[in-house]
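Pasting the structures here.
In what follows, subunit A forms one complex with subunit B and a second complex with subunit C.
Right, the complex of A and B next:
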């Protein structure tokens, strides 16, 4: 049983004053007060314009001492605005998480606790970015919970064809094959949850681990998908300009993101081993947005990184990657640059080997995940070379083929997961 | 004259025969102890090897996080290492028992001096094992980080770091055991100097492009775009 989150007395008094609400929209810490004001105003406008019959409370969860910006926000009408501070410990400042928000897990938990105490039917999380959240996207996020009884709403963004490569290469195909739901974005800036899911999450120990510190969004999304909750997606237009890449070091990003996915895989092992195939999840709303022209990518540095990895890291990979996969990687590396491809089957085997290795821990997990970097860059180079002339539809079809490969090889993953001793690299 | 000579000769033979007769039981006891130790040691080696193989000791050692032990073992098998250690401990014990039978005083002084040295040897072995573990951990960490930073001499760098730690550990152990102190210190200084020079050359040659780009950026004040990655990973 997890210890309940204790809110400060002044916050409890404010909650008493505000009274029950239909909707709670939480805004985790935003670096610049101006962005926070814009985001809160956008949410306020969205609530008033699109959900006029619902009483909403906007909660700004701030790390450390409160910032008195209530007057600047100037929320009025049927909406209330609360600022809740949560404690920030030195450990939260030591490592920069990929999303740049210190102790984001505690921020989410604080918002959830407020939503629970206000008996809110729906709780949304909206993180401000340079391009403030569009008010028109709020119904897409909240109406599935309020009107269609969905428990979890994940964001769905319009993205250029080379954007979000970790999501495309690993997170989406792997989680789709594991949990059987085609939820495109487990990592995002906007989510919505039902009261039932909020209460269940608060009762679980999801909040104290490294996963909560780095990837609470992955953790909550996985909990909803693996727990059999009704899940859907909200079309939110183009993704914010600088959302979620506070750290530019790729290997750190891989350690945090893929580490969270693998950690959740361990937590829900009993569940995903029973599931086969995958099903679509409904998409609500249709927020407009421009993805922009895809950037012209020079694959040479990525291929250099891949070749250097192949030259130096096989002794490390050999501790958890199958010898056949390493041989196939060497074969792939011998192709000329323009013909370089990492076959889907090989990539799936490599990702599965890393997942089982993460569980077995033949070397420290951080080192294991860092050793994935050259292979990931090899996959990105292969994808870019293959999709250079492709239109968005062809890119989608290519991604679908990769996802099907992950689903096809799931049986082998289960066997490896259950009987790892049979595999002796 | 002749009778005197024969008496002296027979007395000498008597003394030798008496001395030989007195030491014979001890020599026989030494031989018996040695043979018994060899037989018991060989038998125990077989038993230990079978038991450890049955318990999949090699895999368990890996699982317990002592994968490095395999590199120090004959045929990369910690099972073989343990069984051989058991064999030689028994043989050495047999030798000590035999030596005690030959000369009680010699054996007791030998046992006393070995007994005083054993705790030092155990502590040195622990330091050696820890050094080996740290060397492998740091070398692997350096290798992966250097590859991710695209430093061409990543392997050389990792090897250098590994030997730096191993040489330091070796010098620490020898110094602790009191073996060739001055020689060890001088050799250690030369080796460390050589390894540091090699590392400096490796880093300098391997990352000269990185450093020049960094200086160029600093001079021109331009922010560098991530090479080959004008897109977001998440």
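Right, the complex of A and C next:
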């Protein structure tokens, strides 16, 4: 049982005034007010242009009492605009996630609560980023819920070749193998949810943990995938690197993102152990966009970090990484730079070992996840070297092979999870 | 009295939560002492809730912690609504309930309604009140001790009669247990009113479940054995009606040490107790192991009738009482005494007062085998504190106190249970070289992935993955080799095959699994795929005391990526082929 979120009396009065809605679109705060204003305007335009028969409410969930957006965006058409503040404690400001939104979980929860109280059939989250949200993308996000009875809509972005590497290396292949659904982006700036999923999530304790603070999007997406809700994706066009720009260093980002994925693995362990294989999920919409040319990546510093890790960290890795994997990592490190590769089987094994280690906690979890950094950089270097000349299709095929490797080795993960003995090969 | 809103919910969302539960029984006094007075208490228990959560159990069952003279380890209650000062305060209990719920642990308390302590104010008033007065009639009185002469004496080693003379009252009073535990008189409606008040009090505090102690003995009628009487069932139904009327997702567990056919009425039509202990199965698990023959287990489960769909058996290997032998034949009792209770000090009443590990000669394989049966036979397993680390007992302590010694947390003084001077402890800790706290303790086993504690934790986690264990049907296989026990469990799309070798030597077996031809057994602990099942007997070889749990799966359809740019691929739904 989770205590319900209490909205301030003035917000409740506003909700009473606004009345029921078909659609609630929540806009969590971001650092640049200008981006936020543009985002709200795009949503307003999208609602008016593409969903004219639906009563929409835009909710700007604000951390703290500031109230500066309403005047900037004005209120237009048949839509309503609400600004809802949610409590922000010092700990939230200290623990800013990689998205840069303080207390992001509370912001999401506030929007969900508003949607529930307004009996909205669909609830979308749209986070303002430097890559402006296009009004024409709104139907891709909302129509699966409003017209096709989907419960969860994840974003699908066109991204540069070397962008979103944590998702490519770990989040997508691992979660796909775990939960059996090929949802590409668990981390994103836009999502949509059905009323049923909103109500179910509000009833769960998804909101108060560190996971919620850092990775509420991962928590909600995993809840939907593991819970058997109808899931699909919305094509939302291009997103550049800055869309999810790190406000923290790589190591902290790994701790936050991978930590969230692993924490959700623990929560849903009873579910994913019984799922096999994976299936595609539908893709709605077709928002265009240019990803631009991929940046030229210098792998030298990554390989240096990988080699440095191999010198310093084996005593730590040995607490949870299998000895054969450590030996294979050393073997891989001996290759000349141009031939450096981390085979998929080895990478899968490493990720699985870290997941089991996260559960077993032989060392503090943050420390454990930090120890993944040089290995992750090794994987990125390997990927860049292998894909340097590859076109987007070849990159997709490469990623697919990695996903298949994760699915193929899932049985070993289950065995390790069920019998987490250090004495393994 | 102000009533709470109708339907006050418990902490569990699922009304049938108890079917998937793993219950952990503990005496507060024995678990952890936070204030260094030598007695375990609620603040200490709260400190150890993380341990219980880590172990994976889902429901904490507390033995009586109420004010009591403690002449029957707290089952002689002097105030049903209070807390024994040594255990803490009512606020401590409330904090415990909150903290347990915060960790998704349900809480079960004792509802001891057959009797009170002779120190209870009700009895003190009754013995001084005139015959026929309301105070007097709360208990069962007689001018003669020759009524209900057909009734057996339960504590044969301590009591000669179920009647005891009270000089103040100038009358005999009735007691099914110790003479200091007078039975309440359920023919008096005031007794029921008081019992309902007690029940409401604890359920209002958030308690999820109540264990009805000694439930068959509530009423007395001449010419009967005074157990399992129709009036007793009326009383239980009244309790249940009140529970269902005012609360949601709560549970009643019956302690009825009877044959399964006699326990069946305690479920009613689903309108009496939600759960009841399966007493006769317990000694037969030990008997089958020692005889190396599955017959005792299959035989008693064949005699076990179907129960209403909302009801559940509670299974256990050991508990705070002796290994009771009241539901075995005389011959079987003789065998059990020779097999498991050779020293007369091990015997008490009709049973053997020993813990799990000493009963099994501290053999790890035997402990694991019996625990695997406990976790896989139909019902909800109940673990007794300390058995997860293989704690020993002390047969030199009186009554059943030898199995209620302080929990062994570490190799520190007093087993890490208390910082009190050792002589202040309510009970000595186990100190022998095999089971003593220096050898057997949580701290050591927690850091050892090969320990019994780690094994138990892994098995609990595995059991929780499959609802079939708590909710599924059972079908016994009949291989020629009787040293092998094999059964199929099924629930929804889950099918589990359990095979156990009761022998101390390796055993071969051929199982008729032809009804599952084409399916593939996946060994559940190591997730190892075994050869596909065909129409011939399925051959297995089991190590001494070995067991297998197989997840019997239909072969997965090959699902490989389908690159179909531009075309929405099929929607994945729960239960669809390929995402099982």
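Assume the second predicted complex is superposed on the first by the 415 of 425 C-alpha atoms of A that agree within 3 Å, B and C clash if a C-alpha of one lies under 4 Å from a C-alpha of the other, contacts with A are read in each partner's own complex, and residues count from 1 in each chain.
Definition applied: a contact is a pair of C-beta atoms (placed from the backbone, for glycine too) under 8 Å apart; a residue touches a chain by one contact, two chains touch by 3 or more.
The model shown is predicted, which means the values in this text are computed figures rather than measured ones.
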First, second, both or neither for A:312, with subunit B first and subunit C second: first
Subunit B versus subunit C as contact partner of A:269, first or second or both or neither: second
Touching partner for A:158 - first (subunit B), second (subunit C), both, neither: neither
Touching partner for A:187 - first (subunit B), second (subunit C), both, neither: first
Subunit B versus subunit C as contact partner of A:387, first or second or both or neither: neither
Touched partner set for A:5, first subunit B, second subunit C, both or neither: neither
Footprint overlap on subunit A, where subunit B in one structure and subunit C in the other make contact: 421
Of all residues in subunit A, those that touch subunit B in their complex: 98, 160, 162-167, 187, 244-245, 248, 250-251, 253, 257, 294-302, 304-305, 308-309, 311-313, 316, 319, 360, 362-364, 367, 370-371, 373-374, 421
Subunit B residues touching subunit A - in the complex, by the definition given at the top: 59, 62-63, 67, 137, 140-141, 143-148, 150, 152, 154-155, 158, 226-234
Contacting residues of subunit A [partner subunit C, same complex]: 1, 180-182, 228, 230-232, 269-270, 273-284, 396, 400, 403-404, 411-412, 414-415, 418-423
Subunit C - residues contacting subunit A, complex: 9, 11, 13, 101, 449-450, 458, 461-462, 464-465, 524-529, 556-564, 568-576, 578-580
